[in-house]
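When the chains are written out, they are named A, B, C and D in that same order, and each has its own residue count from 1.
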Amino acid sequence: MRLRIIATGGTFDKHYDPLSGTLVFRDSVLPTALAHARLADPPAFEPLMAIDSLDMQDSHRQQVLQACERSPEQQIVIVHGTDTMRETAAVLGHAQLQKTIVLTGAMVPCRIADSDALFNLGFACAAAGLAAAGVWVAMNGRLFPWDDVKKNRDAGLFESAR
Amino acid sequence: MRLRIIATGGTFDKHYDPLSGTLVFRDSVLPTALAHARLADPPAFEPLMAIDSLDMQDSHRQQVLQACERSPEQQIVIVHGTDTMRETAAVLGHAQLQKTIVLTGAMVPCRIADSDALFNLGFACAAAGLAAAGVWVAMNGRLFPWDDVKKNRDAGLFESAR
Amino acid sequence: MRLRIIATGGTFDKHYDPLSGTLVFRDSVLPTALAHARLADPPAFEPLMAIDSLDMQDSHRQQVLQACERSPEQQIVIVHGTDTMRETAAVLGHAQLQKTIVLTGAMVPCRIADSDALFNLGFACAAAGLAAAGVWVAMNGRLFPWDDVKKNRDAGLFESAR
Amino acid sequence: MRLRIIATGGTFDKHYDPLSGTLVFRDSVLPTALAHARLADPPAFEPLMAIDSLDMQDSHRQQVLQACERSPEQQIVIVHGTDTMRETAAVLGHAQLQKTIVLTGAMVPCRIADSDALFNLGFACAAAGLAAAGVWVAMNGRLFPWDDVKKNRDAGLFESAR
């Protein structure tokens, strides 16, 4: 087992709650998504937290960092909300772990028609196996270094920060 | 535009025909799948043919090779049936083009619940951008060199040929 | 053409907006849903409004009533938000039109996995053809007279008001 | 509990088998479909058989008849393949049980995008509660008496036999 997938919440993992009419967190969709992916080497799956990335505090990012530090797998995919993906990537990037860490997420929840979640998950898993050690953001079919990425909220796209 | 996606048919792209009760080809699902992927750089899309890979003849593989040769993009993803993906990969591999060519497909059609198609497409697109020039097969979350891959039909998994 | 379907919005018809991360209205999903239903007699479809039923004012309900009055079809299905379905049903019920009017909706949007929308739509269409003239609410596999129905918000179920 | 749902197989209930590349039967999709429908009164569910209706023999139809005879519920929905739905309906119709029996099915399997399965299931459940005692076929948004229905295979639609 060479790949670890860490769930932190975010749009990717949201469910619709029929009582409140809002999008909420429940059990992660990732075990089901990974079953569909028919992986030959099932990754280690770690549901670390289930929060909106706008609610992420420094302490949460430290938890994510610790999960990466203690991971016996050298390849790590982190499923994360898009709004502060860049901030978490920066915390991980500064730590300079000798692992390939790829953050991804989704603009549309996995359980909604037309979601980008499964594509992004596949993209991130490949990147975790092929990219150099370091911290990367995989969104919109692109792989960004952690220190050169920002979310363009008007366009709903990630782009270079320069 | 750096990526070209070539559709050749295969399980990935099958539709259910309610009159015959069988799976058939119609317009490729790839334009819709790629729209969901929300790519920042929309790839060139080339619907080259729409056939079962068991029906692929040498002439079809030559068509695929020619499409790769004339592609101005250096990164190419080929969506292909799984049964003879290895054979087409070998034809392309022997040609030693200086491009990164990734063949992928699906064990379950894109339009059926629980499909691996979108994951595989994302995986292949990342691999086309990150792997060395050469010919690769991306299935089951693994990237195989064209000369070291086979389909294990009993398990429904691709594996090393050695 | 004997059946008219009037869209007013509600959870049934909500789309996910990736920029705001909220559920919003766009083009109604009903033409697509009805195409899937493969109806031998395509119904008349009238997208009257697209609002949350909590935002429905008296003037909106009068618009719905007028749409029912002018409908040349005697069988009418109204797709409506669940929160004030009962109130609109009451306005229509007091008008005592000689038509069979069935209000339905969904607890989970049509475009989200596990939605009740298509089941409810089928249930309501059958009820519009089989129930007596009058105003009915079709939810949770039950058909309620307009003056004996309420939404139990804690359970997320419609039930008799008595 | 007033409604019984009897599964017999048919297109409605088919799964895609990735190893053979064909549509096959596994566990019925009906428990999941019914959970999505959010019924206030969960029906009795009876998975009687799982076969193509083209494979139905007289003995199978007798089994269906016996299931209807012993059903304590007066309202029965039978999920059935479309090709011989009419023949099974005739066996049940001649038996003149004092129950409302509605046969339905799907032109596209429930698990495939664009399926008519959930609409038809909702339509049939409403018809089972509202139509007179007798045997009916619910397809294409229409309710046919058992002795006036045929499948038009060229159009993929059920129609009056007269």
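Note that a residue touches a chain if its C-beta (ideal position, glycine included) is under 8 Å from a C-beta of that chain, and two chains touch if they have at least 3 such contacts.
Given the structure is predicted, the values throughout are model-derived calculations rather than measurements.
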Task: Fewest hops from chain B to chain C - one hop per pair of touching chains - done: 2
Task: Between A-C and A-B, the pair joined by more C-beta contacts - done: A-B
Open item on the list: Report the inter-centroid distance (CA atoms only) between chain A and chain C in whole Å.
Closed with: 38
TODO: Averaged over CA atoms, how far is the centre of chain A from the centre of chain B? Could you give it in whole Å?
DONE: 25
- [ ] Among the residues of chain B, pick out those that touch two or more other chains and give their numbers.
- [x] 18, 38, 107-108, 114, 156
TODO: Name the shape of the chain contact graph, picking from line, ring, star, complete and other.
DONE: ring
Open item on the list: Following the definition at the start, I'd like every touching pair of chains, please.
Closed with: A-B, A-C, B-D, C-D
Task: Residue ranges of chain B touching chain A (in the complex, touch as defined) - done: 3, 33, 35-41, 43, 107-108, 114-116, 118-127, 129-131, 138, 140-143, 156-159
- [ ] Sort out for me which residues of chain C touch chain A in the complex.
- [x] 11, 16, 18-19, 21, 23, 107-109, 111-114, 153-154, 156
